[in-house]
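The next part holds the structures, each set out as structure tokens.
Each of the next two complexes has chain A plus one more chain, namely chain B in the first and chain C in the second.
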Partner chain A sequence: MNLLLASLTIGFILSLLSAGVYISFRIFHMPDITADGSFALGAAVSAVLIVQEVNPVVATSAGFAAGCVAGLVTGMLHTRFKINNLLSGILVMTALYSVNLHIMGKSNVPMLYETTLMTMAAKLPTLMGSEDVVNILGWDISNSDAATFLFAILMIVAVSVVLNRFFRTHLGTAMRATGDNPDMIRALGVNTGNMITLGLCISNGLVALSGSLLAQYQGFADVQMGIGMIVLGLASVIIGEALVGSAGIGLTLCGVIMGSLLFRLLIAIALRWGLNPTDLKLITAIFVLVALIVPRFGGKLTHRKQRSSHASDTKV
Partner chain B sequence: MLQIQKFDKTFNRDTMNSVHALNQVDLTIEASSFVVVVGTNGSGKSTLLNAIAGTFLPDTGSIELANTNITRWPEHRRARFIGRVFQDPFKGTAPGMTIAENLALASGRGRRRGLKQALNRSALGVFKGRLASLNMGLEDRLNNPIGSLSGGQRQAITLLMATWLKTDLLLLDEHTAALDPRAADQIIRLTTDIVSQKKLTTMMVTHSMNQAVSQGDRLIMMHKGEIMHDLSGAEKSRLRPDDLLTRFDEIRRSEQLDSSAAQLLEANYV
Partner chain C sequence: MLRLLKKLTLGVSLIVAASAVLLISDLGQWKKGGHSVPRVAILNYATRPVLEDGQRGIFDAFKDHGFINGEDIEIKLFNAENDLPTANTMASAILGGDFDLVVSISTPCLQAMASANRNGTVKHIFGLVTDPFGAGVGISRTDPLDHPAHLAGIGTFQPVKEAFQIAREMCPEIRKVGVVWNPAEACSEACTIMARDTCKNMGIELLEATVDSSSGVLEAARALTARDVDCIWIGGDNTVELAISSLIKATSEIRVPVFANAPSSAHNGAIFGLGANYYEVGKITGDLAARTLKGLDLATVRIENVAPERLAINYEAAKGLRSTWRFTERIKKLAESANIKHDASASPPGRPGRKLQFSFVHYVESPTSEATERGFLQQLETIGLRKGVDYDIKIRSSQRDMATLMAIMDAVASEKPDALITSSTPTLQAALKRITHIPIIFGGVANPVIAGAGESYQDHLPNTTGISTMSAFEDMVTLLKECVPNAKRIGTLFVPAEINSVYYKEALEKAAQQGGLELMTVGVSTSTEVPDATLSLISKGVDVICQISDNLNNSAFSGITKAAEKTRTPLFAFVSSYAMNSGAAVALARDYDQGGRDVADLLIRVMNGESPKDIPFSYVKKTRLVINLNNAATYNLKIPAHVLEKADTVINLSSSP
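The block that comes next holds the complex of A and B.
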């Protein structure tokens, strides 16, 4: 039960990452690998500040802001200097590895005894007079685990609501149109370069926020923790779209959250069944590969079906 | 008023593929005149429109629109004064977004886009009213994605979007060429209505000789990046499709095109 709850909590934390990847990948059609670097960047900045006794709220916000800056750099490289979008991401991600090491001063910063957002959330129920163990749906769960779980949900719900509203504003619709038809929106007076840069800012800010929260949840930041995060985000986005389709932004965001959770659960189950953790990234990559290929074959199949039904129509 | 002076542009300069696309073009267009632009393939007529829209910047020369020098302005900045409809019906609208969202984007053309919600009840009411003026039944489909519409419907909406706000110049780049004859007819009628109603300064590139003679009050024929003929007033209104073809023929003869090219020309223009 604890394993399930922990998986779901991490799933909710990582759904922030997926929301960020959704912006770069689905709105701008750009698999932005900066995410690998900015995830660890958010964790590193927050961890170092928290170790120096800075208020965790400030430390987490600083992590978010650092991610925004990383996205800004990638966006500028791509739109101002006309560097290929994948390459801009790769350059920034590579540079961030050294930056993160510099920020942390070593490859791992533990914060087991520090006050983090997660420990603050965990203490809240006891302060409010709750019992140490709460019973939810017949399961006994420690109140601190339940609190961090709820806190993770609260974060992603708040972010989703803000994003959903933002993408319906004049600025947000212009940003979506930039991905959908750049020629058209330029003819309507929008600087597409600025839109992409701003979008990547928000995207990487969310990715860094996710990294910051995950570090605080697990009690340490590690310079390696960002590796493969973009693929994990893509997997969640793809699962999410398979679940709910891509009808509207709000719905798609819900799908992306569900995708993150489902993916976390699948991994937890696979590990429980004896999957070697070494193979985790390989399995993730293969999963994304399959998810990207299958729709193509599916499309061919339905196409063939339509054609054969068409042929029978003409016979009649 | 639009004033182009000695506009010169060479693409791929100093390479094998160097193309002198616009050659010292001088052109002045009075306010609220409707100019039709014709020319052979590669004559520079679309290039001229793109030059005015700011898709690329000139090597030399200048452009003034409404007494403002816009020569060095990027495309998105000029959009405040210029409305455009492209040849490709897929180019003028965002297919993944709804009709209402597309119109909302057009209603903010060239302005700062803030954090106000793009769609509200009063905006939707305005959208409905103006869509109804198209007589295409689109006012009941505000929440349908643009991608689900036909080419003619998309082009009609693009035209509506390009003229949504006051425009100093409307650029139409063969905007009926990709449509079937009926839809093309409908779009041309709509164009005439909007242009005459709002007294818009308009430049229309066309491949259709009928459109070229029936529309507009001035005609420009381009060839090899230069303006070969410039007809207006009575000369323009007397013009018949045959006269135009004769002029194309003259160009052909002067260029000594081979007969296959001449056939191609005829197939394209008659």
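The block that comes next holds the complex of A and C.
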């Protein structure tokens, strides 16, 4: 149960990353590698501020803002200086590695005994007079674990609601249209460059927020924690899309969150079953593969059913 | 709304199913309840030699305490494979897994485990951590007893100060020391900070250059050598350790040595390496863990810095330096027996009257061709030819591109140097095609006759001569029979697509037949097949694996090692480094370094007026016998005393002080 709770919590935290990747990758059709750098950037900024006893809410927001700045730079490089989108991402990501080192001053900032958003959330139930261990369906769970879990869910729900709302405003619609049909939207008098830049800002802000929360959850920020994050995000996005199929923005966001959750759960199962540690990555890859194939089968089945019912209709 | 729910069903149900699977696996655990034997989890961060040494030590310590895995104790191994989120998940898995004790290896694992285990659900022992006090897990730097009651372990700070002291002892006049390091590595940073202090106290100026990947090391090192450092030091830095050969390359240009805080560096060209013996560290960690299982109260454990030292020295690296570096008796006594023996092969100096022009061509940057180049340049220096004064040399590499190789040869032909030196079979073949009037002297070629340089070793092309690095098969068979008297069958992998490999296989077959042994072979074509192929070779009932040297098997040698170790089949090899750094028990090598030196000797003869036509091709003068007693012990192989006496290098790491 502990493991389930922990992997769901991490899954929720990382689904912010997936949401960020979804914006750049699916809405703007731009593989934005900046994510690898901005993930660690968010963690670094928040960690340094938290160690200096800045309010964790401020520190987390600062992490988000730093990610936005990183996205802004990538966007400017791409739209103002016409640098290839992949390359501008690579440039910013590479630069961020040094920047993160500068921010942290060293490679690893521990904050195990500092007050973070996560420890604040963990303390809440005790303050509210709950017992240290709560029993849910016969499982003993420490109230702090449950609280962090609920907090993670809250964060995600809040962010997704805001995102969903945003993408339905005029600005948000224009942004989505920029990805879908730039010529049309330009004809309507919208500056596509600005749209892309703003989109990358939001995307990297979310990625940095995810990094910031993960650092607070795990109790330390590390300069190398961003490496490979873009791949993880992409995997979740693609699993999520496979799950819900082509759908509106809100539904797809749900799918992306579910993808991220599934990804972490599958890794947890692999761990729990005590599979050979050497095979971990292989098993992860196989799980992703299965997750991609299964919905397709499901889709075929429903398709066939529809067709057969259609056939019977004509008979009658 | 219904449509919406329908679309979400699949995802939600999958998540619920996965969660249920997790819960059910937990349930089984729950119902089993009180387990009869203690359960221990080991959390390791990555598959790296150092960490694995430590892990081995931990297992051995449990064994020493009478805990046999699977009988008296249940040890479960977790390895995060270099992934932080995974390490966190594993830490939670350990918490929920009903373990009595967890042993974490490395700093990230200490942090992840300590973070998950903040409430002290399981007892936690840590090891292989450079600086536990700086890890932020609540351990006080000043009071060794001030730490969480469920958490204890040992810190292992690299003996940085001691390394600098040894450097000073060897060469009292050092003033400027350079260091290349990667700020992203916490351990490296801690070492560098320590070094700054040490240098300040010793009156040494520390020049720093930072890198973020192995590929930047050469440039960073050149930046240091340009500032005229007396030597370069490597702290516990994995990035630089990986690129140590580029560091050595830069320092050899200004003839200064490299010293390091890792014993393995001495085998790779550093003058000495002083480091922690991580196997011992693992053993101490495991000892603490075992005592905890027996009832030791962790709150009473003092957390201290423990660094069992291991010193390896390299006599070769002390040669030809601009200032003298002397191994004092004390240092020699401290050092392990992995010394590379002094090799005093002097050859007659023959200094020509004018400045000579040489061309040196590689096919690809590989350890063997680099060794040839290194030996060649060293020997020219030993003879007394000074680069830039007595000769100029242009070193080129085609970087594994045949077309480029041809272009290089054309360039050489038009430059008309005094001699062309090649370091591999393809370069020799290309040279033979394009160059007719310049003497070609080759090294690193297994069989020059097959390569087309002549009809036989005596009767060959007029402008060509050189050194063949063909393995000493007859000697190997004799040696093998001395070490494993009851061996009937030996085996090797070979690559049907590599001409040298096939040729070597046949030569070994012939030598084995003469020695009354049967040779079994398995062909391989890609490096991924090597581990399975080795196992299938072993299943053919071979008593010894005697692996010939070819490009594919050289790059996949660790695959052979693993399979051999698993089945305890002794492994013999023809490349010295496989006994030094890899799993071979015995290596009988025609050394490429020595081959390079022999090439230089031939070059001098040609420059002194002898015609290449009259110099027959010859084998590398010296065959090196390297024996690794640690590996031999793994295979339960007893090396007879008279064989040990013959050895040029004996490696025995366990006998360190």
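Here is the rule we use: the second predicted complex is superposed on the first by the 271 of 316 C-alpha atoms of A that agree within 3 Å, B and C clash if a C-alpha of one lies under 4 Å from a C-alpha of the other, contacts with A are read in each partner's own complex, and residues count from 1 in each chain.
Here is the rule we go by: contacts are C-beta pairs under 8 Å (C-beta built on N, C-alpha and C of every residue); 3 or more make two chains touch, one makes a residue touch a chain.
The structure presented is a predicted model; accordingly, all values stated were derived computationally and were not measured.
On the superposed chain A, the two partners chain B and chain C both fit, without a clash. More residues of chain A are touched by C (comparison of chain B with chain C). Of the two partner chains placed by superposition, only chain C is touched by A:G228; chain B is not.
Residue contacts after overlaying the shared chain place A:K106 against chain C, while chain B stays out of touching range. With both structures placed on the common chain, the touch criterion links A:Q218 to chain C but leaves chain B unconnected.
Looking at the shared chain after the overlay, A:L14 reaches chain C, while chain B stays out of its contact range. After overlaying the two complexes on the shared chain, residue contacts for A:L4 are found with chain C alone; chain B is out of touch. Once chain A of one complex is fitted onto chain A of the other, the partner contacts of A:A177 are limited to chain B, with no touch recorded for chain C. Contacts of A:L72 after superposition on the shared chain: neither chain B nor chain C is touched. Superposition on chain A leaves chain B and chain C with their closest Cα atoms 14 Å from each other. In the superposition on chain A, no residue of chain A contacts both chain B and chain C.
Across the interface of their complex, chain A is touched by residues 53, 74-77, 79-80, 84, 86, 90-97, 101-102, 104-106, 108-111, 113-119, 161-162 of chain B. Taken in their complex, chain A has these residues touching chain C: 1-8, 10, 14, 97-98, 101, 106-113, 139, 142, 144, 214, 217-220, 222-225, 228, 232, 240, 243-245, 247, 251, 254-255, 258-259, 261-262, 264-269, 271-274, 277-278, 280-281, 291, 294-295, 298. If you check the complex, the residues on chain A that touch chain B are 165-166, 168-174, 176-177, 180-181, 183-192.
On the side of chain C, the complex with chain A involves touching residues 4, 7-8, 10-12, 14-15, 18-19, 21-23, 25-26, 44, 47, 76-79, 81, 83-86, 88-90, 92-93, 95-97, 107-108, 111-112, 114-116, 118-119, 134-138, 183-186, 189, 212.
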